[in-house]
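What follows are several structures.
Shared between the two complexes below is chain A, which has chain B as its partner in the first and chain C in the second.
And now, the complex of A and B:
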């Protein structure tokens, strides 16, 4: 099993605050890895360090055998990493088409990838010429995911996909992410334990900026102590 | 339905007809007004419309607030003025050095300031603009200092009718260029940067490069506007570089509507008309204008041109033209 992403003991500061103080994790190719943890544990900061938005001050981030720790945030997507932020961050003044077009790194394969994405999210086809700002929360989340899928990325990073969405839409989202999982490697942060366990294969728990637990799906579901201690459930 | 009515109801045809009517109106306008004063005013409006349009690329489409944009306008005006009067150049060849100088300044200013965020960036551009203003004031031998630089040869031997048509054509060309730019993939990236700089970086765009690019493009357009000013006014003063000139561009862009391209043109015409009309009524016309500006910012933050869009929507509703909206709502419910 190939390690697609490896994080070795990274430390990250935001201004004077020491947010990450020893995060370690591995993402295996073809699998879905989920990061769990309480609010403020450092989950999103870990993702931000991977994508270069909050560069790690020490430690190593190895992607596909290459050290990407010191790369700028705009260089990281070109390595084959797609990122879906927790607040979706779609461009509300641009249409769905424009959102996908500017996210596409290879204009030659755009039409082909577009068909693939629209098959997965037919709603986006309906509102193709609508501006992102008029879409509902669920549709914006679809667009945000579609932007990552418009490129042939090796790794898709998803930050709290269920945030702010209604239960019915979350159900649909779980199905879609499981579809994506069939062809992509996924690293996901998720607070919704039910959703996390219906998607993930491997699990890491981060607490107070450190990796404190690693397990498979069955282990985490059945380990009541860990769930109580680190997740409060 | 009558085929002629159908033709008029089609939005594309409506647009075509409006453009033809506007074009016709612009051609016959000088013969209707038959006034050199009004023609001169319209020429000035066109120059400031080009300047404001260049500012809209910065503020409206990329979200960059610069208080030093007038330095490009001044650079263009002084470069053309000095080359024409001092070295006997014709007008058109001076545009090349104007663009080159503006690009060089754009890259330099961009490289120095662009890493500064928001307010700090704006303050830095203000400082650089005012620094250049001081240099122009103090370089009496070259620029004439505070007395100004006079005697620049006027375009078409000051034939106002010819200048009027020339300005309309230049404004149209600049507008088409700006429209093509904002509809291009580069333009879409600029709009993405305006909305969310970090996110634009996260999808693989080097935000700093794009920001410098738009600074030098808008700077070059502002420089061309300055050149046009030099050959229509004939006299240049350091006030052209002062932050007050930038404030004019901001006023025109905000009043007309940021991020619209039509807005700054409409804004330039409103501000210049108000300036001339109100200054005839009272010397303190800026107070009245200030009040108008506050009302627009408070109640119509999208500017005058968006007000037109809003009123169109309103009338469309009245005429039961809600097909799109209903269709969207229906599909949303289904989803």
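And now, the complex of A and C:
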């Protein structure tokens, strides 16, 4: 099994605050890895360090065999990483088409990838010329995911996809992410334990900026002590 | 009725001049969050360069072209060597651009002197046209046409090209644009050049209309700030709307109550700041949650 992403003991500061103080994790190619943890544990900062928006001050981030720790933030996605942020961060002033066009790194594959994305999210086809700002929360989440899928990325990073969405939409989202999982490697942060365990294969728990637990799906579901201690459930 | 029509036409031409002055400032602020106080000085440099080229070549259009290009190059140098090294420290950027006003003004005094220079118009723009029995200077119509052409051209770039999409996306969420693998710092440089070129173009066109003096830029930056606040900071269309609002206000109020013209403009800005602080053309649209 190939390690697609390896994080070795990274430390990250936000201004004077020491947010990550020893995060370690591995993402195996073809699998979905989920990061769990309480609010403020450092999950989103971990993803931001990988993508270069909050660069790690020490430690190593190895992607596909290459050290990407010190790359500039715009260089990292070009290595084959798609990022779906916590608050979707779609461009509200741009249409769905424009959101996907500026996300596409390869003009030649755009039409082909577009068909694939629109098959997965038919709503986006329906509102193709609509601006992102008029879409519902669920549709904005679909667009945010579509932006990552418009390129042939090796790794898709998803930050709290269920945040702020209604239960019915979350159900649909779980199905869609499981579809994506068939062809992509996924690293996901998710607070919704039910959703996390219906998608993930491997699990890490981050607490107070450190990796404190690693397990498989069965282990995390059945280990009541760990769930109580680190997740409060 | 005829008077009001002429005042409206005068107001629109003044508004277009204000649009040329403020659009670059607004674009730069929108994307880079840099409030370039030296923008007025770039406008002034455009006026002086346009005047000088016209004086020596007798070609007004060449003067406008060279002023636009040279001020664009000045913008490039400013961004690459002065603003970029300061990173995201907005206080330093503010102090730097304040300081640049003095530097650019003093250089103008060394080259062209401190006296007011009445820049002349080319012969073909010195005539008048008759509209409904009223005389309208051709140069006013030229300013309107130039403003509308720039508005259409930049609007097309912003709406139809990938660069324009990236600029619009970057104004809203620069970090997300980076996370898509786009080098935002290159886009910053391009936008700063475009903003400076707009200032140079506006200055070259405004020269024969306003006359040249070293404090021209300082006087004009005040109007530019009022316009971008009214129109919406960062919004290109907003600066056109803001320019027209201020131009029409100054033209109409200035005719009937000249002493109140400035006061009404400032009051208008205050009302907009209270009622719609994001400006008349807001950039952010909320999603339907």
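What we mean here is this: the second predicted complex is superposed on the first by the 233 of 233 C-alpha atoms of A that agree within 3 Å, B and C clash if a C-alpha of one lies under 4 Å from a C-alpha of the other, contacts with A are read in each partner's own complex, and residues count from 1 in each chain.
What we mean here is this: contacts are C-beta pairs under 8 Å (C-beta built on N, C-alpha and C of every residue); 3 or more make two chains touch, one makes a residue touch a chain.
Quick caveat: nothing in here was measured; it's all calculated off a predicted structure.
Enquirer: Is this a clash or a fit when chain B and chain C both end up on chain A?
Expert: clash
Enquirer: Scan A:123 for contacts with chain B and chain C and give back first, second, both or neither.
Expert: first
Enquirer: Between chain B (first) and chain C (second), which, if any, makes contact with A:22: first, second, both or neither?
Expert: After superposing on A, A:22 lies clear of both chain B and chain C.
Enquirer: Between chain B (first) and chain C (second), which does A:140 come into contact with in this model arrangement: first, second, both, or neither?
Expert: second
Enquirer: With both complexes overlaid on chain A, does A:89 touch chain B (first), chain C (second), both or neither?
Expert: In the superposition, A:89 contacts both chain B and chain C.
Enquirer: Which partner does A:30 reach: the first (chain B), the second (chain C), both, or neither?
Expert: Touch status of A:30: no partner.
Enquirer: Given the touch rule stated above, what does A:55 touch, chain B (first), chain C (second), both, or neither?
Expert: neither
Enquirer: Which partner does A:131 contact after superposing on A: first (chain B), second (chain C), both, neither?
Expert: In the superposition, A:131 touches chain C alone.
Enquirer: Considering each complex separately, which residues of chain A are in contact with chain B in the first and with chain C in the second?
Expert: Residues common to the chain A contacts of chain C and of chain B are 51, 53, 72-78, 83, 85, 89, 91-94, 98, 101-103, 105, 134, 136, 147, listed in rising order.
Enquirer: Quick check on the complex: what are the chain B residues that touch chain A?
Expert: 185, 188-189, 191-192, 194-196, 198-199, 201-207, 259, 328, 331-332, 335
Enquirer: Of all residues in chain C, which touch chain A in the complex?
Expert: Chain C reaches chain A through residues 162, 165-166, 168-169, 171-173, 175-184, 283-289.
Enquirer: Which residues of chain A touch chain B in the complex?
Expert: Listed in rising order, the residues are 51, 53, 72-78, 83, 85, 89, 91-94, 98, 101-103, 105, 123, 126-127, 130, 134, 136, 138-139, 147.
Enquirer: What residues on chain A touch chain C, complex-wise?
Expert: Against chain C, chain A makes touches at 51-53, 72-78, 83, 85, 89-94, 98-99, 101-103, 105, 131-137, 140, 147, 164.
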